[in-house]
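In the two complexes that follow, chain A is the common piece, with chain B as its partner first and chain C second.
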Partner chain A sequence: MLIKAEHIYKIYKTNASFFHREKEFNVLNDISFSLDCGNTLSIIGESGSGKTTLAKILSALIPFDSGMLEINGKKIQSFTRRELSQTVQMIFQNPYASFNPKLTIGVSLSQAFDGNEDNKETVIKDKLFLVGLEKNILDKYPHQFSGGQRQRIAIARALLKNPEILIADEPFASLDAVSQTKIMDIFLKIKKEEKTNIIFITHDVAAAMEISDKILILKDGCVARYDSVSNIDKDKTDAYVNELLAATYMTE
Partner chain B sequence: MKNGCRHLFAGGVFYLFKKYKSIQIHRKLYFLYNNKMYYLIKRIILSIPILFGITIITFFVMHLTPGKPTDLMTDMNVKVTAEAKERLQQLYGLDKPIHIQYFDWIKRFVCFDFGDSFKDSRPARNKIFERLPATILLNSLSLFFICLIAIPLGIYSAVKKDSFIDKGITIILFISFSVPSFWLALIFMILFGVHLGYLPISGLYSFDFGNMSVLMKFFDLSKHLVLPVAVSVITSLAILSRYTRSGMLDVLKQDYIKTAYAKGLNEKQVIIRHALKNALLPLITIIGLSIPGLIGGSFIFETIFSYPGIGRLGYEAVMARDYPVVMGIATLTAVLTLLGNIVADILYTYADPRIKYK
Partner chain C sequence: MENNIKKLLRNKFAVAGLLIIFLLITAAVFAPLISPYAPSEQNLSERLMKPSMTHFFGTDDLGRDIFSRMIYGARISLTVGFISVVIILIIGTFLGIVSGFYGGKIDYAIMRFTDIVLCFPTFFLILLIIAFLEPNIYNVMIVIGLTSWPGLARLVRAEVLSLKEREFILVAKMMALSNIKIFTVHILPNIISPIMVYSSLAIGGAILTESSLSFLGLGVQPPMPSWGQILTSGKDYIYIAWWLSVFPGIAILLTVLSFNLLGEAVRDVFDPKENYIEKQ
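Coming up: the complex of A and B.
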């Protein structure tokens, strides 16, 4: 089993001030799921349901308060930062904010490369080719690219570590329809060619149904449904799932 | 026929020469337009009216203050008659209408002549430039120590946000910011100069400075600088440090910092390579605007410490209504403020690849 998460809880606390007491928000309540090798999991839900928090916990960018999370049978807390970067990579929601504005794309990608220095140029070139970009972008700065291009570079950057798990946190959120389709094609290609396990976080149920094997539906920080795509498609008894699916069909 | 050919040849050469010349001029204009030099020239030209505005306001405000420069020389002397007072005013040109006085001053200023001091008839320019090295030394040392202490404090506070140390740093900085510099200067003088006797309380050199060896001179100079630099640094730490802290906090929230962690970089690498470079950007403005402070000096603690700098000269000139010296210092500070702004803007283009000027 690639990922095993059991009873994960996460609480955010607001800072106490002279006028306000400290407040607690239960962002994630008793989240349990697992992901097998070669499978793609989609985490869907409304805004504020805890999708991004769960993604950050899975990539160890923030800690969780209680529960157990294992990757390849090893507790996530026992990973070093480097080991973790070779196992899990994350693509962020906002392609405009995910690159250091002062570094060229070449420097950003070089920092992400971990292998033999002699192969660096070839590997970077291959990953850029995979996402449909040329090598000549390396001397440019992030602000010289469109949102779609930046998201492709972000995918290439994440793939440079050859991670076992790729977490894509709403990668289409700030992109136009054409760019969304191109990025979706890239994910399908990665799934097929690179054999990377993808955790796909999205509002878009249709996209999730197309790319995933399993779907985890979150509502107010709790698991509303966790099942395979085929079961969710067949079983229409859950009102909230039906509501989510209906919303997708309406937008279509 | 022969002459016709000659004319045709000469015409051709002239045409080619003109064409070549125009290409050269176009190339130069193109170079200027696409270069920071074009921006720099534009900014300098635009600064000239601002500078004139500043001189007009300073000149007129100064003349609106009660009392005249000649009052100090004549009021205490009962033998001075009204005619003698008038003659003195004529001598300094103070009897002319104020706008004529301003135009006279401008005429001299264009030739970098600020006029002669009313106090000792020495050129104001010389008096200012004599005091310049001492003020530059004091203020550049202060700025160096402020950056050296405030920036790391700000970074540490941001990285350890809301910790006990962060709160401690915040409280100490607010106290240092709230303390009046003249009060702190006096306390330090009493403590380190009078009670403990470790440090000199005024001036820049000891009496026997001329007879000292180079090493002793250095030591003597350093001893005299400790108190003014310490007061300046302590009272100015808060601004730079708080700017650094808030800049760092903004940057640390960005996705590219999370990306850097996801790349497998450790905290030190992320902070130095990714966060710091972006957080320090607003500090360019603050440091750029402190350039005039390097020269302008501090009127208060240069006077308290009897430090022979521009600040003390300015204070004495204001008290004596020494218009040429006051105008000289004000104009110098205005020029440096404008230059500081331009330097900060130019530095931004080097520090941030997203910024381009046209």
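Coming up: the complex of A and C.
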């Protein structure tokens, strides 16, 4: 089993001050799911349902308060930063903020390499080709690219580490329809050609149905439903899923 | 880098600032060759002479040439300005980055210490320390440096706090970059502009503080000339010999102004986004 998550809780606390007591917000409540190798999981839900928090927990960027999370049978807390970088990579929802504005794309991408690997240039070229970009972008700065291009570069950067798990946190959030389709095609290509398992976070149910094998629906930090795509497609009795589907059709 | 220098040279204010700083540094380095008289050479028969071709900026109450004394004084002012700011930069940037990046108890401890240092009125704290120590140029530089870092530490901390939540820093963590590399490659280049602006202001501030200390007799000690000290000597003769106060005053003003102009221009040049907008 690639990922096994059991009873995960995450609480955010506000700082106490002279005028205010400390407040607690239960962001994730009793989240359990598992993912097998070769499967793609989509995490869907409304804004504020805890999707990004769960993604950050899965990539060990933030700790969780209780529960158990294992990747390949090993507890996530026992991974070193280096091990984790080769296991999980994440693509963030804002392509404008995911690149250091002071560094060229070439420098940003080369940070995925530990030392002076001989095949560095070839690997970068291959991954850029995979996302439909050329090597001549390496000397340019992030602000010289559109949102869609930056998101593609971000995908190429994440793939440079050859991670087992690629978490895409609402990769279409700030993109136009044409760019969304291009990025979706890239994910489908990665799923087919690379040995990377994708965890796709979105509120677009149609996109989630197209790319994934399993779907985890979050509502107010709780699991509203965790099932295979075919079961969700067949069983339309769940009111919340129907509401999400209806919202997708409205945006279309 | 070449482009940045070209862009800097296209900015009129930066060129003016650079020119003044270059002249000051040249005057300070080649002081013995440029100054027509020795800075401490007294000639009582020529005391309090107006500016003329023999004494460009006039003479003081002991007949010493003000122009020569000011050229030597530039050495003191620039040394104090640069070295104090280096001390401020090292302490302020280090504490600010560590405090902002690690957060929690480390941040709390550093920030409360910063608050304590900020509680004291800096100039009076400097006066107090200098009063206990021997008033000389080295103590002045060290004390200015050790008391003026809290502003920079707070500025750097605030910048780091907003930066560390930015996604490219999270990406850097996910790429398993060491904290040192995150500081040097991702954080420092993104906070360099406010640091540069702060430094340029701090150089001016340090020169002013040194001048004020020398004015009060707690800075550079006679016969070593400094701009603040020349100002002091002019205060008793302000109605009969204006040149004793005006020329060092102008020198301090121009130096502080040129560092500020340069800092402002460097801030613009280091921002690739602004470069890009201008190109378009």
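Throughout what follows, the second predicted complex is superposed on the first by the 249 of 252 C-alpha atoms of A that agree within 3 Å, B and C clash if a C-alpha of one lies under 4 Å from a C-alpha of the other, contacts with A are read in each partner's own complex, and residues count from 1 in each chain.
Basically, contacts are C-beta pairs under 8 Å (C-beta built on N, C-alpha and C of every residue); 3 or more make two chains touch, one makes a residue touch a chain.
For clarity, every value in this text was computed on a predicted model and none was experimentally measured.
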item: Combined model on chain A where chain B meets chain C, clash or fit; value: clash
item: Touched partner set for A:L61, first chain B, second chain C, both or neither; value: both
item: Which superposed partner A:S98 touches (first chain B, second chain C, both, neither); value: both
item: Chain B versus chain C as contact partner of A:S146, first or second or both or neither; value: neither
item: Partner chain in contact with A:R82 - chain B first, chain C second, else both or neither; value: both
item: First (chain B), second (chain C), both or neither touched by A:S228; value: neither
item: First (chain B), second (chain C), both or neither touched by A:N15; value: first
item: Contacts of A:Q111 with chain B and chain C, given as first, second, both or neither; value: both
item: Offending stretch of chain B which, after superposing on A, collides with chain C (from 3-11, 21-29, 93-101 or 273-281); value: 273-281
item: Overlap of chain C and chain B interfaces on chain A (superposed complexes); value: 59, 61, 81-82, 84-85, 88-90, 92, 94, 97-103, 111-112, 114, 141, 143, 154, 157, 161
item: List of chain A residues in touch with chain C within their complex; value: 59, 61, 81-82, 84-85, 88-90, 92, 94, 97-103, 108, 111-112, 114, 141, 143-144, 154, 157, 161
item: Contact footprint of chain B on chain A as seen in their complex; value: 15, 56, 59, 61, 81-82, 84-86, 88-90, 92-94, 97-103, 111-112, 114, 141, 143, 154, 157-158, 161
item: Interface residues, chain C side, partner chain A - complex; value: 166-168, 170-177, 185-186, 189-190, 272-273, 276
item: Complex contacts: residues of chain B adjacent to chain A; value: 162, 254-256, 258-266, 273-274, 277-278, 351-354
